[in-house]
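Presented sequentially are two complexes of chain A, the first with chain B as partner and the second with chain C.
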Partner chain A sequence: MQGQAQQQAYDRGITIFSPDGRLYQVEYAREAVKRGTASIGVRTADGVVLAADKRSRSPLMEPSSVEKLHKADEHVGIASAGHVADARQLIDFARQRAQVNRLRYGEAIGIESLTKEVTDHIQQYTQVGGARPFGVALIVGGIENGEPRLFETDPSGTPYEWKALSVGANRADIRDYLEENYTEDADLEGGIGLALSALAEANEEGLEPEGVGLATIDVESERYTEHSADEIESYLTEHDVLASDDEDAE
Partner chain B sequence: MTDTVDDVDLPYDEEAASQQEKIEALEERLEVLEAQNEEMRDKLLDANAENNKYQQKLERLTHENKKLKQSPLFVATVQEINEDGVVIKQHGNNQEALTEVTDEMRDDLEPDARVAVNNSLSIVKKLEKETDVRARVMQVEHSPDVTYEDIGGLEEQMNEVRETVEMPLDRPEMFSEVGIDPPSGVLLYGPPGTGKTMLAKAVANQTDATFIKMAGSELVHKFIGEGAKLVRDLFEVARENEPAVLFIDEIDAIASKRTDSKTSGDAEVQRTMMQLLSEMDGFADRGEVRIIAATNRFDMLDPAILRPGRFDRLIEVPKPNDEGREIIFQIHTRNMNVSDDVDFAELAEMAENASGADIKAVCTEAGMFAIRDDRTEIFMQDFVDAWEKIQAEETDTDAEASRAFA
Partner chain C sequence: MRPPTSDFSGSDSPLDGSRSSVFGPELGEFPNNGQSSEPREGEMKTGTTTVGIKTEDGVVLATDMRASAGYMVASKDVQKVEEIHPTGALTIAGSVSAAQSLIRSLRAETRLYEARRGEEMSMTALSTLVGNFLRSGGFLIVSPILGGVDSDGSHVYSIDPAGGTTEEEYTVSGSGSQYALGVLEQDYDESLSLDEAKDVATRAIKSAVERDLASGNGINIAVVTEDGVDIERHKDINALL
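Moving on, here comes the complex of A and B:
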């Protein structure tokens, strides 16, 4: 009623605060993120795991074209959730910044610095008139000075560092699962298991290998590696979350 | 008949009859005459009675005639009573006048009483206190025919509502023994189509208390102050007819959060709500009035109305779970001609996220499918088809929208 009337006046312009100090467009952009499927990041002592639910809408769609996991640099991977087109813009930007850093300083960009450059970029779009915020949240993970780091960006341009997190749909449920089952001393395998089990939380019937994206950046090699469907299938079977054919489809 | 005694028609022959015969004949004649006399007397009484009746009727009709010829009386309110007379203020033209009043009427009057006055502004009679006719009309005369058995999957919620409404009426001694006041208000909230209004209907059906129902938007009126007056009158009617149950449907029409409003219309609706708050738990005693309210938009409600003391119980009425859905399917198909192969458990599983209203729609559609096929029995396939039809109507737009997201 009255509250809504005020919202309508203030949610038109991105550059206007509401009387209670909120930016409604940014909050609505967060809603757009919820429409994307889940993406999960887990930091372990041995490296960072990025997993994504690549649910495709039709068997005719090529699963590889669903862009959830991206390589930003040799040592950095990014998982996205939300508006695909916005995500591509940000990934592009991150890739550019990573290369500029190499050219300028002759070294790989730090994960924290990269995240903050991306979030500063995102923030600009919440303060400039005529533009809209990005409707995407990113999980930036990689190795910095031999240490695994994991960060989150959201449409408001706020960076947070995490030990394990999820963005996109079912965020609350998956986060509860991660909070219950995360251990500090897990190894990379354990991290993969945790990520896949968390992803399975949201999917009652289990996960299909083609519908899951999995990437790791391990401390040893400091390289971003995407896992193939076969590898994923073996992981899924190992952690008992593989969807079986004889389960009822409905 | 003979007028005088002189020319009496003697029943005997003057010369021929003996003394004895004469006496007998006379006695006979006397008896006959006496009987006739009785008859006449009765007839006279009857005629008198009828006459009385007609007289009374005549009087009544004359009186009515007089009244109809009389001009109507004006309505006025008593302002002040003193030794000189009574100060009245007319409704309508708001003119004040000092008028005479008979002694017995003077005792009856008090300030703010309504009276009827004639052309010369003398008080003719006292009128009853004015309660808004709209409030009186909201009383439910015929209870709806929804019973507690017609509601499926809401046992917990039903129990809570019954505890609040029925138990204090049936067993007040329990409350007094324990030493608590029964909860006074119940707020039912939840997604649309989950049975909130239906629950209130079942309560109305079940309980003997006066049931007064209204929708929140009925309190929104054109003139300022009318909404608040209606709320006041509503509670007045409830108090007069206590024990009463007051059901306010769609309460978020008036009870939304108080904020700096932009238009005077918004402010007026808020004022109506404040009157509601004050009546529910204000200075005056509310009496034996229980309040049930229903809304879809729980998040929009003002916190002042949600506090204990106003709505003691905030009951969520969610979409039903599997068992609930199964029960609801069974309820709706009670009078339907379903075949034996229809498995309600399976249907309940299939119809995920369906509310009670959705399930009713599915049952109706299933019946339509059967009719279309010229059948009288409804098969399982009809239900499945009906569910898909209902589903498709809902989720078409979503599929398109989610194409941009991954």
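Moving on, here comes the complex of A and C:
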């Protein structure tokens, strides 16, 4: 009883350290991220690929209303996993910081700078009284000085840079797949292939074009591009991860 | 952004003095605190000559050394070009207090930017920032020239007191502008070497010093390359030629 009461004191309300140095609220927020569907980022020499599992719970839901991939600025895309409502707040914050940089310096913001603006904001919600941490992890990808960059933010407000990563459900499985199959010299098409195959790894029945989000930011145009369901279907066919027809017929 | 109101009362906005209703408040005029970008009566007009020249290998900025107060020489040894960035410098023409404050703020901003991002501000960023400072209500009465080098190469910007920034190959500012510009128009060429540009800049300043009452007492020459900012001080201009 005593131990239970003690633990309760450190995981309710405001975020304070437990005696063994943990922030329970932040750890619970990480659990919230795991409950979200997977998002994947892959960095290639030619650009960054963002892919997301956006299966809807019902065929009645409009696929376009599932928000997993977001354009933050011309040259930056953000994929999210976890609480959509929390993600929307962070993405709007990122969009504003990107424009503030343009106003202040007349230049597009760097991907590292933008990620750190966002993580500094997230961090405040682990320390300020009465606040709840963001139950969302983001993948921030884009082009900075002609180079593709790929970052992650987590509920603690720590920024990480990756060659390829996933956030959300099945993170460990997808990471294993990415670690096994990532190659440094892949081009953008190769990156798209890797991202979609990794996503399919966690979906045994294959992927539906409407249930997948795909965006790229390539070095040449330095522009965020979201791919249509038709384009996604041809990629899924190409990489042999399209859900088979008998699934549709059920 | 006021919500639309019904027009039955026939009253216009109470803040629109010319059409205020008889029942509205009586509005006076806002006092003029003299916060305009034009020099006030009795305030010193810009007495300075500064020039900026871009070359392939870097930028040359040159300034005279006189501070004037009307018809008096207020100081005979003033440095009117300052390093504001590891590879960027700004010349000063206009109000000394405004220029000093601007330079302090810019140095703070460039250092903060580098500390936060691990890289130096580009010249696009720096020129935008200077423009923003002048535009953002500080009413800084200065017309600086910004010269610097970044990964894209050399840049010279002419900046006006209201915050307008224009990138130039060569430019001038201050009361001796016309005399200096005459020299630059004749002698500037985009193929000038850094040493040749120093010579052209020196002659441009000399021309202004000879004919402009408010310019004189020597020359400061700043050479900005990718290696940094080097500022020379010469009390005798002729010794350089």
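Here, the second predicted complex is superposed on the first by the 239 of 250 C-alpha atoms of A that agree within 3 Å, B and C clash if a C-alpha of one lies under 4 Å from a C-alpha of the other, contacts with A are read in each partner's own complex, and residues count from 1 in each chain.
To be clear about the criterion, a contact is a pair of C-beta atoms (placed from the backbone, for glycine too) under 8 Å apart; a residue touches a chain by one contact, two chains touch by 3 or more.
All of these numbers come straight from a predicted model, not from anything done at the bench.
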| item | value |
| --- | --- |
| Touched partner set for A:110, first chain B, second chain C, both or neither | second |
| First (chain B), second (chain C), both or neither touched by A:159 | neither |
| First, second, both or neither for A:66, with chain B first and chain C second | first |
| More chain A residues in contact - chain B or chain C | B |
| Common interface residues of chain A - those touching chain B in one complex and chain C in the other | none |
| Residues of chain C that touch chain A when the two form their complex | 116-117, 121-122, 124-125, 127-129, 132, 151 |
| Residues of chain A touching chain C in the complex | 103-107, 110, 112-113, 116, 145 |
| Residue ranges of chain A touching chain B (in the complex, touch as defined) | 1-3, 5-6, 19, 32, 35-37, 54, 57, 66-68, 80-85, 87, 250 |
| Residues on chain B engaged by chain A in the complex (per definition of touch) | 252, 256-262, 266, 269-270, 300, 350, 399, 401-406 |
